[in-house]
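Take a look at the structures listed below.
The following pair of complexes shares a single chain, subunit A, combined with subunit B in the former and subunit C in the latter.
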Partner chain A sequence: MLDLRQVSKTYRVGAFGGRRLHAVRGVDFSVRPGEVVSLIGESGSGKSTIGKMVLRLISASSGTIAFEGADIAGLRGHARTKEYYSRVQGVFQDPFSCFNPIFPADRVFELVRAEYAGAVSQAHWRARVEDALTTVGLDPAQVLGKFPHQLSGGQLQRLLIARALLLDIRMLVADEIISMLDASTRIDVLNLLGDLKARGLGILFITHDLSLGNYISDTAVILRRGRVVERGATSAAFSAPAHPYTRRLLASVPQLHTSWQQADARLAQEGEGECPGCAAGGRPGEHGPVDLADDHAVGCYTAA
Partner chain B sequence: MRRVSLDVTDLAVYYRTLRGDVRALDGVSFSLADGEIMGLAGESGSGKSTLAKSLIRMDGRMRRIRGRVELDGTELPVDDQRAMVPFRFHEVSLIPQYAMSALNPTRRIGRMIRELIRSRGIDYTAVHPELLRRLELVGLDAQVLDRFPIELSGGMKQRVVMVLSTLLDPSLLIADEVTSALDVTTQRSVAEALAGFRDRGFITSMIFVTHDLALVHQIADTIMVMYAGRPAEKASSRTVIEAPRHPYTRMLLSSLPEVGVTFSGKRLEGIPGQPPGLLDPPEGCRFRDRCPLAFAKCAEEPPFTEVAPGHWAACWKVEG
Partner chain C sequence: MSDSAIEAKAAQAETGVSGAGGVRWRDTAHFAVRNPKLLIGAGVVLALLATGLVGPLFIDNPPNAYVGPKSAPPGGGYPLGTTSFGQDVWAQFVFGLRATFLVGLVGGGIAAAVGMVVGFTAGYRGGLVDEVLNMITNIVLVLPALVVLIIAAAYLEARGIWLQGCFIGLTSWPWVARAVRAQTLSLATRDFVDLARMSGRRAYKIVFREIAPNMSSYLFMTFILLFGGAILIAAGLDFIGLGPTRGVSLGLMMHSAVSWSALSGGMWWWFVPPGLGITAIVGSLYIMNVGLDEVFNPRLREL
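So, the complex of A and B:
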């Protein structure tokens, strides 16, 4: 459904744009309907930049991003863009700053109606709003007409997801949507994404938290400095991480029942290992994604 | 029995607002042994940051209602700004959440530290060698002193602030969400460096405030879990993680995803409902509206009692 081919983004930085910053370099992956793909990486890995490019908030410097076969860079004119946004929507990290504090929070629904569904009758629209709210697990009577400060972060974040669902979307870009939420409500929002996936929605889940990425996603894409280090089915990438970087990253994740010392001991026992991609014929230390198995690839850029 | 370094008795701190007092901290008692690292965990609004702030600097809206804080046998005048001055930095020190904004952007790090040390009437040349030694210990070389804060990464700035805060070997260090804004690998090195400070005797004891139980149990000796302004449970880290007694701690732990747990494999459940507002909190146990075990007695406030040696919990259902 969504296909990224050799997508790169270069920023000009410094005085007069003299220096170039390669935020994303040659990234390939795709998202199918009903699939959650998580982009996992540390800060500066380019994960949010990819999300913004998919949402057309910024344009790609090179490469193509195709949605249902059509290159999104080629969408010209208001009507075409609007059509794209009625299929692809985003939800972002901070729910508190997404609302205008002087209006009731459900005004976001009215804005969607004004922009996309002007012809729908009031009663019909109201039914759609209530339906979307029920889907995200909110009681319409409890949230409609409330101001943002009267609602919790979890409720606000779910309102934003409900807003995206009002349109008949196929693809949701979720950029760190639960990092601002409390632990006890976090999991409910994650479960909600899981339920939406079951209804055929494709989700691009951007996170820095490996355990969250592991919980929800079908495919994991591990990024480092704008490049894909490892890509594969979540079960493979997490239970048998191939690239030394992924292994080290996993060993640093704080876990409830494993101490860092135990994780280190395991790493030492298994050995950090060499990149299997280099052994499988890639140019040592500077190869792009090399397939190890079906749906599991590693890239290596240690030499660069 | 180890010496008690910090002793907090029935501390209550309210925030003054136009609509009345917000009871952010309502009767907290605990003690901290020499050399103990206590993780202070809780969700937003649980009072963990209020507790941390109360021990070093109350802001203008905060008011102590009752309670007593003792550090190494001396009472801390926590609500007297002027009387607290001699304690800050020397006895009690803080690492703020955003180390990035704790550093003056217009000064080179070295000059900023020099000015700060001198402002406290301490001879800078006397502490300079120790400063360099400690910077090296956390993996920073002396050149960092000639840099501006903007030239350092988030983790480096956090480490500079860590070294600076503990330079005078304070008795108590409060680390308020210090790792929350960092990447996993940096998070780990910062957390381990802090534990190392305790091992080397730079600090006597530490309160590590965080919302991340998985992280805090890696370095803390004990964990205190707070809920809606009151302590719910305190025990050794291992006990809190492996055998929690309070229903809130249990439900919180079972809602945390771990590497290896997946949505399709095992669906985790959150805690239904949300914490009570603290402007006018309900009588009795504050968790009872969300608690599956709640019964009639929960309308009375459960005491925070020792249910097993070194294990405190505030719940009527937890048998002693």
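So, the complex of A and C:
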């Protein structure tokens, strides 16, 4: 459904744009209907940039992003953009910044109504909104007509998810949507994503939290400095990580019965191993991910 | 929920429109009517505006007609006396107020409109558009308006109030454009703008309905400052003789008072009223602006 091929994003920085900043470099992956793909990486690994490129909020410098076979860079004109957004929606990390502070929070629904459901009667629309709010576990009476500063971060975040549900979407980009929620609402939102997945939506789940990525996703894409370091079925990537970075990442998750020293010692003992891409004759630091198994690929070990 | 259930719910749902949007304005109004600076400023400006609008209705002759005795001091049939040609100073004053407000409105309006369009476009579009608009803004900013006007005056035989207003408007917008651009740049990076884009909104709607309302108080105050600024510039131009060649304005009154030695002749009633009028309007506008700042900015509110 969604296919990224060699997608890169480069920014010009510094005086006169003399220097280049490579935010995303040659990323490939796909999202199928009913599949949750996690983009996992540390801050600055380019995961949110990829999400914004998929949402067409920024354009890719090179490579193609295709949705249902059509390159989204080719969607010219307002009507086709609008059509795209009726299929693909996103929920962002910071719910406080997603609401215009001077309007009531439910204005986000009004915008959707104004653009996509102008013909729907007020009462019918209200029923649809209340239905969507109930789906995300909010009491309509508590949130409708309130200003953003009168609502909690969790409520705002769920309002945004409800907004995405008002449209008949096929793909959801969820950019760190759990980070601002407390533990009790987290599981509700995760289960909600599970429901959406069961309905056949493709979900691009962007997170820096390994356990969340492990919990929810079918496929994990681990990014570092804009490059894919490991990509594969979540079970494979998490149980048999190949790339040294992934192994280090997994080892750095705090565990009850293992101290940091033990984890470090185990990593040192295992060693980094040899990069399969370089071993097969690829140029170190430049070759793309190579397949280890059917659904498991690993990037170059030496890439900076 | 099935469609039929939604229908049923829709049927019983009242068409309740949230009244929360009104709270903010009620809040603002609450502080506005309790702010002495705003009330005094607005009171003076409105009183002078009313004088300019209503006063001319009671005057039968044109303001520059030679109707009375020459150089008569205030009193008798001429509340503000007459000029050394026998023109009624009160008539000139009320007509002049009208012209002064008109110049302020036209000049301030044009400057605000051009500045906002340029600022919003540059700030929201960014990239090359921003570069080009910024360049134009900076060029107009350093253009010496007075020199341009002297050249224009040499070519234009007859200049009216409207032309003067347009000229002032077209030379005083750059700082508005720069300020609006800066604010737009910062607001455009907020996620709610991205959310509006993902709702399929067109760019101009995002600018005017999402970004601009966030700076509405600033835009309103900008217009008031431009209004006062335009009046001041017009008075200055009139005074040095680059004003309208026909009609009357407060600046032109001062110009002719000085030209015909009202100062040395001791005819204070000729130049004091227009001078006071301009000072009162511009001063009150600035006081009003300080008051508005206190009303709009919660941190400056005195509870």
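Convention: the second predicted complex is superposed on the first by the 269 of 304 C-alpha atoms of A that agree within 3 Å, B and C clash if a C-alpha of one lies under 4 Å from a C-alpha of the other, contacts with A are read in each partner's own complex, and residues count from 1 in each chain.
The rule is short, and it goes like this: a contact is a pair of C-beta atoms (placed from the backbone, for glycine too) under 8 Å apart; a residue touches a chain by one contact, two chains touch by 3 or more.
Since this is a predicted model, take the numbers as computed values, not measurements.
Enquirer: Put the two structures on top of each other at subunit A: do subunit B and subunit C fit, or clash?
Expert: Partners fit side by side after overlay.
Enquirer: Touch check for A:Arg126: first (subunit B), second (subunit C), both, or neither?
Expert: Touch status of A:Arg126: second partner only.
Enquirer: Answer with first, second, both or neither: which of subunit B and subunit C does A:Asp182 touch in the superposed model?
Expert: first
Enquirer: Figure out whether A:Glu42 sits in contact with subunit B (first) or subunit C (second), or with both, or with neither.
Expert: In the superposition, A:Glu42 touches subunit B alone.
Enquirer: Can A:Val136 be said to touch subunit B (first), subunit C (second), both, or neither?
Expert: A:Val136 contacts neither subunit B nor subunit C.
Enquirer: After lining up the shared chain so the two structures overlap, which partner does A:Gln255 touch, if you call subunit B first and subunit C second: first, second, both or neither?
Expert: The first partner, subunit B, only.
Enquirer: Once both structures sit on chain A, report the angle subunit B, subunit A, subunit C from C-alpha centres, rounded to the nearest 10 degrees.
Expert: Placing subunit A at the corner, the angle measures out to 80 degrees.
Enquirer: Answer with first, second, both or neither: which of subunit B and subunit C does A:Gln89 touch in the superposed model?
Expert: second
Enquirer: Looking at A:Ile102 after the superposition, I want to know if it touches subunit B, subunit C, both of them or none. Which is it: first, second, both, neither?
Expert: So A:Ile102 only meets subunit C here.
Enquirer: Between subunit B and subunit C, what minimal C-alpha to C-alpha distance in angstrom results from the superposition?
Expert: Comparing every C-alpha of subunit B with every C-alpha of subunit C, the smallest gap is 11 Å.
Enquirer: List the residues of subunit A that touch subunit B in one complex and subunit C in the other.
Expert: Common interface on subunit A, subunit B vs subunit C: nothing in common.
Enquirer: Hey, which residues of subunit A end up touching subunit B in the complex?
Expert: That would be residues 42-43, 152-154, 182-188, 190-191, 194, 208, 210-212, 214-216, 234-235, 238-239, 248-250, 252-257, 259-260 of subunit A.
Enquirer: Please give the residue numbers of subunit C that touch subunit A in the complex, ascending.
Expert: Those in contact with subunit A are residues 1, 6-7, 9-11, 13-16, 18-21, 24, 190-192, 194-202, 210, 213-214.
Enquirer: Which residues of subunit A touch subunit C once you look at their complex with the stated criterion?
Expert: Residue list for subunit A touching subunit C: 52, 55, 57, 78, 81-82, 85-86, 89-90, 92, 94, 97-104, 106, 108, 111-112, 114-116, 121-124, 126-128, 130-131, 134, 144-147, 160, 163.
Enquirer: Please output the residues of subunit B touching subunit A within their complex, sorted ascending.
Expert: 43-44, 154, 183-185, 187-188, 192, 211-215, 217-218, 241-242, 251-253, 255-264, 267-271, 274
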